[in-house]
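Sharing a structure with you now.
Residue numbering begins at 1 within each chain, and the chains themselves are lettered A, B and C in the order written.
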């Protein structure tokens, strides 16, 4: 129905509560955790043939209701979708493995894994969507589950507050997007991306400009682009760390995906000239994110602000709108997802061991938890853009693309310089957390911590190894990002499958 | 038949009301209502456009979308009310200013 | 270019990189000594692999080893380059690192986490060797930062004083420089669409002079920070003084020299016409650096801080030589890189030996050690005299060439000032030697003994080299002088 990766995720999500009850009845403690991990693994395995098919056919069409109905209810899968969806499933898998031990002390595992699986299926669906109808349904599946997951520990005050704030802002964003979709529907008479591309690129009207603005707001809220970012620094720290890793690592990337898809396909840069506006948003995001991160003393809050900064870098790549810019942008999506997921997983391990997120109390914990400390260093340096780790590779690509385009649009020299300065700034706080966590003398509160359990270490070490690997040998990963960027730019091949 | 412009104007006014409500109100329930208003604005827009697509005919596409959107909206409200309920249990108030860290 | 043409250079970098995690994980089993011997062994092999291209380089060939595509999107290949310029410096780096590893075995006795220390040392060395061998700009930048990270941890983790703040300062300064360098590199690519160092000189001529100047200045700022030229030198005295001594040896002896190497390899080679325009300004900065470092060294009482300021001063000589832009000066500057690396490494090792034996760093509290630690005293004297430019030590030959180059390029006043600065050098070294080794020995130091022989051995080797490079200066110059000539030939043409 929904192609196998999504089907499996949904099936496992539905069966998870049953398995949980079974596990409780049969008193097999870890049954549901293993079930969820199996779900992710199967989904990842079924994802591979899809990848092969798409890489040979470029664009794949799949009507998930089974019939062709005016171009709605369809998946249109190209390399961009594959790139993003693969990332979502991969991080989801690692998070699930991590959760098997991290969530040990919580109850309601059945709900937890069901929500996690559903959230990933929602994200994959967003990446596959070929029309606004599909996009909206999966978008809301993702949003709803993420609201509940943020507020999962409902017995504490912080998740409840942050969850409510997140819910209000995010659903206002969704409603704005819905409003934009209704206007677009009025202009085009269809909800299909291909038809919209045709109608919108032919004539630029005030209505289409309004809907562009509204849709940027809608996706911008989810992606936490600066004026709409205020929910993020509350929501991401409040969630359980495994969910923070999902939220900061990949959920905000769906917003970025939406922006890239809509801006490049529907509101083509040739007719709408949004480069400068997006670039200004990007520079604002990175500057606010990095400056605010400098001031934080809560580890997870600091990481959340740094996510805003990185979203700025990614959006900057979109504002360039060339192959290099988009390649850098997508490559940075990958690198930031890995790095930020790693850091949140590490901070979760620290939280589990020491019971605090406060940097001053965490001082020196990396000396006690050597492997976690090491992966923490790798993640921080990767995000700081220090070679030879992965963050550097994409950041240099972004700046490079900015400078290349500067020859024709001179403003981009300035923006690129600002981005370089931002990267430099960001090193300041990454270095600070590294120093506090791994170099300080261990403080009172961490004097008796032990190394994290094995499943958690597995996820963290695997990501850390990937960070190093991509940094040293980026070739194949850049190629993937490049294929995705190419498919974004080859609008015609995307459109002609629908409109013959 | 009422011209479409009236519907559109109403939808935009509804949207503005929703946004105002979100920005100005401090009660959690009112915030949830604001979100409902925003969604309704979009739904109204969709319905009116689908009814004016062709003279004398109604485009089913818009209706499908709106039905879906209403269902999803109900889910969102359910989650929102649950969270509001827990917030009330924690603080004994629905005023968002009373919550310790939320800054609006 | 995709054909693989040998593995020596790749292995010389890869071996320490691979050995680092082995060192780390196996560290507890090997123990400190085993770990140190393992690290040394790896560095010996890597030095040997680098030496393999001796014959081809000394006959004037360029040895290029390429290993295929790295990032296809940017047509980036992995390739390493050995020529008259990079060969001697890479040997210097891995050689000194090898000696520092030997030295560390005894020196780090009282420290914690030795397994991590040796792993970081290996990575640091791999980074430095990589910088010198890299044949495209991105690879260069990659290694440039790869040497920063381990050295940061080495300073911030095992340093003395306030290591974290000093480490932070070191990292931020160098990283800011690197960001400027990166901007230069990326601008280059934006205009020429290549990162290849060998292909670039021909393509750059198509860029407008204004942009060329911007690129050159951006790059040179990055190199100047690493080299610690006057206004951006402030990180050096802190970092070099507070790092653990074997790391000071590497930092002062070889790491800052990568900046000098990069100035020759890039600023001058790629932008000959622009470097003519800035040479006078940089020469002035070089002289200021010499004098500033010299006078600051005169005022220090901490022995390692004194040596660190002396490094600042010596870096001025190197830059002065390079900026004379004639074959004598550039060749002298390059030779001084080697001489200063050897001599300053030696001096830091001596300082480390003194600190190891006495536990005191303040030269006012030391005295009369010549009879207790005769070998250290002789070694210090040799190192100090070499840096002060006294025949028959290596420093004499290189400084003589630098001044001759300075006069030849017509900067009479600056060259005279530079010669005057050597007076300062002599003054602070003699002051240091007098206070440490002569005079009355404080009672508390009456039972001080010579450092263990595993520390004395590297010192002896370096002492030997300072003398050899003085007497047989022609041997290293045979390789280095053509490098200087090759660079200056570009200047004449441009």
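Going forward, contacts are C-beta pairs under 8 Å (C-beta built on N, C-alpha and C of every residue); 3 or more make two chains touch, one makes a residue touch a chain.
Computed from a predicted structure; not experimentally measured.
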- Task: Just say which it is for the chain contacts: an open line, a closed ring, a star, complete, or other.
- Result: line
- Middle chain, criterion being Cα centroid separation: A
- Per the centroid of Cα atoms for each chain, what is the distance between subunit A and subunit C, given in Å? 43
- Chain centres from averaged Cα atoms put subunit B and subunit C apart, in whole Å, by 66
- Message: With centres defined as the mean C-alpha position, give me the subunit A-subunit B separation in Å.
- Response: 26
- Query: Could you say which residues in subunit B touch two or more other chains, in rising order?
  - Reply: none
- Message: Residues touching two or more other chains, restricted to subunit A: which are they?
- Response: none
- Message: Quick check: in the complex, which residue numbers of subunit A touch subunit C?
- Response: 327, 381, 386-388, 392-393, 396, 399-400, 403-404, 406-407, 416-417, 420-421, 423-424, 427-428, 431-432, 435, 439-440, 473-475, 478-479, 482
- subunit C to subunit A touching residues, read off their complex: 69-73, 138, 141-146, 148-149, 156-157, 163-164, 167-168, 171-172, 175-176, 179, 182-183, 186-187, 189-191
- Message: Going by the contact rule set out above, which residues of subunit A touch subunit B in the complex?
- Response: 70, 72, 133, 136-137, 140, 143-144, 147-148, 151, 154, 157-158, 160-165, 167-168, 171-172, 174-176, 178-179, 181-183, 185-186, 189-191, 230, 234
- Query: So in the complex, which bits of subunit B are touching subunit A?
  - Reply: 11, 15, 18-19, 22, 28, 31-32, 34-35, 38-39, 41-43, 45-46, 49-50, 53, 59, 61-62, 64-65, 68-69, 72, 75-76, 79-80, 83-84, 86-87, 90-91, 96, 99-104
